[in-house]
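Both complexes below contain chain A, partnered by chain B and then by chain C.
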Partner chain A sequence: MGKILLFLLMSYVIIWAYIFPAPQQSLGEVSRIFYFHVPSAWVSVLAFLVSMLNGIIYLKKRDLNYDIKSSSASQIGLLFAFLATVSGSMWAKVSWGAYWNWDPRQVSIFILLLIYGAYFALRSAVLENDKKAALSAVYSILAFITVPFLVFIVPRVFESLHPATSVVDQNLKIQMSPKVSLVFFPSLVGFTILFFWIWSLQVKISQRVELKKGG
Partner chain B sequence: MALIAILLIWIAIFLYIWYLDSKLKKGNKK
Partner chain C sequence: MPSKFSNWVTKITAVFKKEIKSEFRTRYALNSILMFAVVTLTTLSFTVGQFALTNPVKSALLWVILFFSAMSGLAQVFIKEEERRTASILKLSALPNVIFLGKFFFNLVLLFMLEIVTIPLFLILLSLQVESWLLLLVILLLGSLGLTSATTIIGAIVSKTNVKGTLLTVLSFPILLPLLVISIQGTKLALDGSHLAGAGSEIIFLLSYTIVMLTASILFFETVWME
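Showing the complex of A and B:
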């Protein structure tokens, strides 16, 4: 039942993202990508948070299941960060004239991708399971500390072409027309549910891989 | 046209995740 609802919710988002007028008239038709770009970025932050929380639980309980949960969340987080980067650079091509401009927002997401890329390099470099889990848990905590800084602070401190007030204004008040909200918030909810679904599957797959390796 | 293409991509992604989900559930029962 939940799956059907998710299917209908995302279909609703896709259809209305096309039918309603473009969310940012000044940026033109391409701004419709907003409904997918921002939720992708949101899911990546959420996934990195979930990864850090499971890393902390692993350090407390020393149960390898939490390591699997933590690394699976990071994998999905990296995927969605990549999707946000790709959708963002498509938008940049139309609005700013080039796919990549080394705008502060692009630099910060690039650093974030490198940080989480290094997380997997670290995991693949350590063979012993307990050591790998402990190191990754500590790394996931350190890596997440950079997330709010790179995602929310850097692009607002440095002068950037990227809009900083498309969802909330400087007083953290939602600033969107009702029509845009009618598509944007369902999209956020849909992406979040999709994340938890994919995450649970990834955890199951990783658990099986570990079982096969162990036995 | 673009709308139909994106809807089809979404349907394909959804069905694939569903298929994976049911396959993993079946595996657990065995």
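Showing the complex of A and C:
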């Protein structure tokens, strides 16, 4: 049932993303990527948050199931971070003139990719399962607390070309024409559900693999 | 309360003294970071010293040297406990917080010793014109505090893994990058001759980064250390 709903929602997003007028008139047709780029970036951060929260629960309860949940969320987060980077740099090529120009926002997503990479490097460097789980949980917490510095402070010190106020403005009011939000918010919801669905599948697969290894 | 606090300080000092003593038996960490810094600096000066470098480039190079030298030595403080199999005895003799802070201060002293040698050499070899010494010192001090706070806890994580060689750099870089970016910016301002007030946001950033990192380290060190 959930799968059918998700299918309908994503189909709605994909179809209307191309039928409605482009979200930003000044950028033209290319700005339709907005409907897919922003939700992927959102999911890549959400996945990291989910991974860290499961890490914290692991540290409290010492149950390896939470470690499987945490690492699975990171695996999917890495995928979405990659998608956000690629779609973002394609958009940057069209609107800013180069695929990569170390804009603070590009630095942030690059760091997110590095954090995911370091997280998996750490996991592969520890053999014992419970040690691996605890160390990677602590690392993801340490990495997470530096995110505010990166996302909110560094772009304030350096100039960014990336719009900081594209979705919400300074007064936290939604800044979007009604037609755009009719596609954007379903897309955001659809990507979020998609993430949780892939995540639950990944958790099931990893649990089976662990069971086979153990028995 | 004051007696409790002074008791705590005594214990931290004891760990710190123990680190100094065992370091000066071999001078392994100090030698490796000093030689690393000197070699890097010489290479830099040899290859690019003849060109007129701009201030942003010079400040970036300075922090690249400090970052990689720190990476080569600051994890030793935990790795040696695992290698010499002295970690269990240390676990029995002191509280985790005390051990962490003792080792943190030791790493800080190590980094300061590195800077005392490297920075004058850097200034001479790359012929830097420092306009605002006070700001440079403040940025170096706060930057080193942040650098040490992050590398000490990550060094503790690394010492528990099976691969110890390059992991510290890999794990520290994403966490330290915001700090490095702001330190480089602050150093550039000092070279350009900005006043303390002109670099206010950089100073606040470095301070808050250090406070956040130290707090998190003290909270989670016990989990890592007892693993």
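Going forward, the second predicted complex is superposed on the first by the 206 of 215 C-alpha atoms of A that agree within 3 Å, B and C clash if a C-alpha of one lies under 4 Å from a C-alpha of the other, contacts with A are read in each partner's own complex, and residues count from 1 in each chain.
Methods note: a contact is a pair of C-beta atoms (placed from the backbone, for glycine too) under 8 Å apart; a residue touches a chain by one contact, two chains touch by 3 or more.
Given the structure is predicted, the values throughout are model-derived calculations rather than measurements.
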First (chain B), second (chain C), both or neither touched by A:Ala98: neither
Superposed model, chain A: greater residue contact from chain B or chain C: C
Partner chain in contact with A:Phe7 - chain B first, chain C second, else both or neither: first
Partner chain(s) touched by A:Ile115 [first = chain B, second = chain C, both, neither]: second
Chain B versus chain C as contact partner of A:Tyr18, first or second or both or neither: first
Partner chain(s) touched by A:Ile198 [first = chain B, second = chain C, both, neither]: first
First, second, both or neither for A:Val209, with chain B first and chain C second: neither
First (chain B), second (chain C), both or neither touched by A:Val86: neither
Chain B and chain C footprints on chain A, overlapping residues: none
Complex contacts: residues of chain B adjacent to chain A: 2-3, 6-7, 10, 14, 17-18, 20-21, 24, 27-28
Residue ranges of chain C touching chain A (in the complex, touch as defined): 150, 153-154, 157, 160-163, 167, 170-171, 173-175, 177-179, 181-182, 185, 201-202, 205, 208-209, 212-213, 216-217, 220, 223-224, 227
Chain A residues within the chain C interface of the complex: 59, 107, 111, 114-115, 117-118, 121-122, 125-127, 131, 134-135, 137-139, 141-143, 145-146, 149-150, 153-154, 156-158
Footprint of chain B on chain A - complex, ascending: 3, 6-7, 10-11, 14-15, 18, 197-198, 201, 204-205, 208
